[in-house]
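Here chain A shows up in two complexes: once beside chain B, once beside chain C.
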Partner chain A sequence: MPLLLLVVAALLAAAPLVLPVFVLTLLTEALILGLFAMSLDLMVGYTRLISFGHAAAYGLGAYGAGYILLHSATPLPLAILAASLFAGVVAVGVAWVCTMATGVSFSMLTLAFAQLLFAIAFKWTSVTGASDGLAGIPRRAGPFGLTVFETKVGYYELALFCLGVAYVFCRALVNAPFGAVLRGIRENEAKMLSLGYNTRLYKIAVVAISFALGGLAGALYSPFAGFANTDLVYWLFSGQVLIMVIVGGQGTLLGPILGAAFFMLVQQVLSKWTESWALFFGLIFIGFVMFAPEGIWGLLSRWRVRA
Partner chain B sequence: MPPRAGLTRRTILQTAAAAATAPVVIRPASAAADPIKVGMPLALTGPVGSVGGQLRRACEFWAKQVNAKGGLLGGRPIQLLIEDTGGNPATTVRKAQEMVERDGVRLLTAIAASNEALATVPKLAEWDAIFVSGDNGDGRLTGESLVPNFFRPNVSGPMGTRTVALWLRDSSLKSFYALGMDYAWGHNSIDVFKDEVKKAGRNFIGDVYSPMGTKDFSTYITKIRQSGADAVYLVLSGDDYNAFLSQAKQYRLGDKVTMLTELVDEMVLQATGDASLGLVGGSRYPNTLDNPQNKAFVAAWKAEYGREPYMFEGDQYQSCVVMQAGIEKAGSIEAAKLRAALEGLTVNSIKGPITIRACDHQAEQPGFVVKVEKDETGKPVPKVIATYPAAKVTPPCNKMTYND
Partner chain C sequence: MALLELHGLTKRYGGLLAVNDVSFNVESGEVRAVIGPNGAGKTSLFHLITGVVPPTAGEVRFEGRSLSGLSPYRICQTGLSRTFQLTSLFPEMTARENCRTAAQARLAGRWRPWGGRSVFAEASRRGDAALERLGLTEMASRPAGLLSHGDQRLLEVAMALSQQPRVLLLDEPTQGLSVEETATAVETLAGLLADGSLTVLLVEHDMEVVFRLAKRITVLHRGAVIADDTPEAVKANQSVQDAYLGGYH
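And then the complex of A and B:
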């Protein structure tokens, strides 16, 4: 399995050599969305913390990186890292509030927080550009005069690198005792509590990590698109990433990455045929939930076992 | 630049077979004459969808006209690439980028919403593409956000407000109130209007902002009536606008207060009918203009669509004609050559002669004030009540405000 992954990673890294530039653009976005979906999987798939407001993480990262790049001379990788940390730090406070509740109430609190952020982004003209958003976010050179990230290929490799590192980190995290506690919370939180685990602290930690990684995805997106606006924090986007996780296969890390790519591909193809593409995607989603609840990743592994 | 033709590209196109055969994309019948591709990533759905529909119709009409005469640059047909953005700036940038990278588009037009245009213009240099605006009003596009590859043959937002302001100075109205949607556009427009009222030596009483999607305007209407103002300036759009006008009619607001607005768009008249009677505002293009080019255009349009052209249709059509004149003068669609050709170009089209300024790429053109009245058949239509010359309407270079 790790061997196969390494091969796929190597193929992806070599992809710019053969792919036309527009496919590379799509692929870069798919990698970024994949990272975003994977970050949510830590909460949804491993801890059963269903968030309806994960777009908040993406938005914090996207606006954070955009603001830093527009208003200072910070080199691109540092700006992305700073924005990601910013999302993680904000998440500690958010999680502290949201984890006061469990189940549906937790989900509603995450939604409320994300909508609050949306309202702020919509009103705070001097920082977020309100309904116009932040435009012309540069991919600045550096550090040390490094110009590689200004190019399309360089940026693609940067996104791939971030996704790779984040995946290895998440895999290690869920395999570590920390991950076992998360799974314990998922299966039976009362039991974990009676075993003496302070489950709330664990939950706050996983939300913070998830937000930091989601923020990393957002921070990669805004210099890539050169643009950030309120759609990135809107509840619709939170719903879409949840769909990516579920369609991809929750609790698998890799599944949500595939789910994100699948979502993008279907949106891309369907939106050319019909203006009501979301309707058809809804049908696909219902199909998955009813006939393949384990998602694309589940289908793939079933097929692999049979083969 | 990776190879644009050859096996790799073809294989990938085949894998994405469905994607490559979009129904709205008119593909060339023969490869003999290399078509001139014009990219149109525009909102056909969402809040500005109705405007997007107008822009699309105008471009299709223009392309058909040009192609019927044998195309441009020695027989190259116009090929429009139309894709829906839903009014989302991020989608607009992505679709435009795809058009540039996948289809080799070097000309863009008809991006409907201003925030979509603002998101797109920083990318033009990288794409080596020219974007000719058909309806984008935001003053910043020819001000602080101006890029060399952006051109605006249409009337800008500040020019629209200015036209109304000039009319104010000539009018007998004394005191004003304002109602706007509670976001950036509403606040900006009303700030500009406030300024103009003060410059005209009139009295600005107060303003109020309604959240987007407001259905019940009764409290706002009461406030406007109680203010005792002679006129109210409206900065509303879409469903909010329609809801306000119908309720204002029920409350007979129009009997006491003159309703002013930046733009009078025929789509609103269609939606609200008699409720829009008496509305006074600017128009970017009134289809009643008396010049041979406009008469020919309106006649041809009526033959095609069975009605007169709407405001945004006329303005977008003019932008297409300006783009066409630029291409013919440059003898090319290369960004550098086309840019040089467009700068300072004078085109005699449906609004009479207009000139694209070299300094900020804004077209100098007259401003029109219209009032909604019934025509012979009893249908509400905008009638021109005042016209102001280009020199008074167009702002100083790179500016959004006026000196007097």
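And then the complex of A and C:
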């Protein structure tokens, strides 16, 4: 399995040699969305913390990186890193409030918080540009005079690198004692409390990590697209990433990455045919929930076992 | 000094006095049962000891230290491990993983975000030892949710035992078991308690279970202690007969 992963990673890294630029652009976006979906999987798949407001993480990263790049001379990689940390730090406060509740109430609080951020992004003209958003976000060169990220290929490799590092980090996390605690919380939080685990602290930690990685995805997106707008914090996007996680296969890390790629593919293909492509994607989603609740990853592993 | 001390523990819910001025000690190595008819306040008493609900008055002391104001997870960390009246475990994990997760809670590296092979190894060692003491070794690799109800009850005891607690609190360990399952479970528990190394506080309403396992019995009636004695003396006690055992025979 790790060998197969390395081969896939090597193929992806070599892809710019053969793929045309417009495909590479789509692939870059798919990698960024994959990172975003994987970050949510830590909460949804591993801890059963269903967030209806994960766009908040993406938005914090996207606006954060955009603001830094527009208002300072910070090189691109550092701006992305700083925005990711910013999202993680804000998440500690968010999680502190949201984890006062559990179950559906927790989900509603995450939604409320994301909508609050949406309102701020919409109103705070001097910082967020209100309904215009932030435009003309540069991919500033450096550090050490590095200009490679200014190119489409360089940016693709940067996104791939971030996804790879984030994946290795997440895999180590869920396999460590910390991950075992998350699984316990997922299955029976009351029991974890009575066993002596301060479950709320673990939940706050996992939300912060999830937001930092989701923020990393957002921070990669805004310099890539050149803009950040309120769509990136909107509840619709929170719902879409949740669908990517479920369709891809929650609790598998790799599944949600595939889910994000699948989402983009379907969107690309269907939107050529019809404007109401979301309707058809909704049907696909319902189909997965009813007939393959373990998602694309589950289908693939079932097929592997049979083969 | 007693290991666990209850001093005038009282819990009032509006007009209902669920637990009324209960005081008793649990000595190290003692197996004590708290009995009483349904609604006598047994489970409320457990909730007070484990910090699930705060007492209206009185306090619990463990190894001489007051547990007042500590949250349930902190109380567990001091060395009190409990089981629940309604089976509570991790159904999708194997029996071994259930015990490993329980044991991990007592290890310094329980939160480590990477690596942790030594943490898992030590937790598994403690967990496997507990499984063996409860005769569950053969079930170790089965998902807990697929075990028989009797084995699930014992698995919950094994999880508590994996934590190497100073005091083990068992809330009706044979609850919901058939007569045959109860007999098996009681023999297993009796074997576990035989060497006197464990300190146990047991809540139970099945008298046969209580008389087989406990060396001391506290009888609750409407939240208050009406007897605190050896099993033989409790059996002979007239007020206990009237309040409880009378209805039992």
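Everything below uses one rule, namely that the second predicted complex is superposed on the first by the 307 of 307 C-alpha atoms of A that agree within 3 Å, B and C clash if a C-alpha of one lies under 4 Å from a C-alpha of the other, contacts with A are read in each partner's own complex, and residues count from 1 in each chain.
The working rule: a contact is a pair of C-beta atoms (placed from the backbone, for glycine too) under 8 Å apart; a residue touches a chain by one contact, two chains touch by 3 or more.
Predicted, not measured: the structure shown is a model, and the values here were computed from it.
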| request: Check whether A:S271 is in contact with chain B, with chain C, with both or with neither, and answer first, second, both or neither. | output: first
Return first, second, both or neither, reflecting whether A:T199 touches chain B, chain C, both chains, or no partner chain. second
Review point. Can A:E29 be said to touch chain B (first), chain C (second), both, or neither?
Key: first
The answer to whether chain B or chain C touches more of chain A is B
Practice item. Return first, second, both or neither, reflecting whether A:P2 touches chain B, chain C, both chains, or no partner chain. Key: neither
Which partner chains sit in contact with A:A225 here, chain B, chain C, both or neither? Use first/second/both/neither.
first
Partner chain in contact with A:A135 - chain B first, chain C second, else both or neither
first
Chain B and chain C footprints on chain A meet at residues none
Per the touch rule, the chain B residues reaching chain A in their complex are 1-4, 8-9, 12, 16, 18-19, 22-24, 44-45, 83-84, 88-90, 93-94, 97-98, 101-102, 114-115, 118-119, 121-123, 138, 145, 183-185
Listed in rising order, chain A residues that touch chain C in their complex are 172-173, 176-178, 180-181, 183-184, 187-188, 190-199, 202
Touching chain B in the complex, chain A uses residues 18-23, 25-26, 29, 122, 125, 130-133, 135-136, 225-227, 229, 231-232, 268-269, 271-273, 275
Note: in the complex, chain C contacts chain A through residues 50, 71-74, 76-77, 81-82, 84, 88-93, 97, 100-102, 104-107, 109-116, 119-120, 159, 163
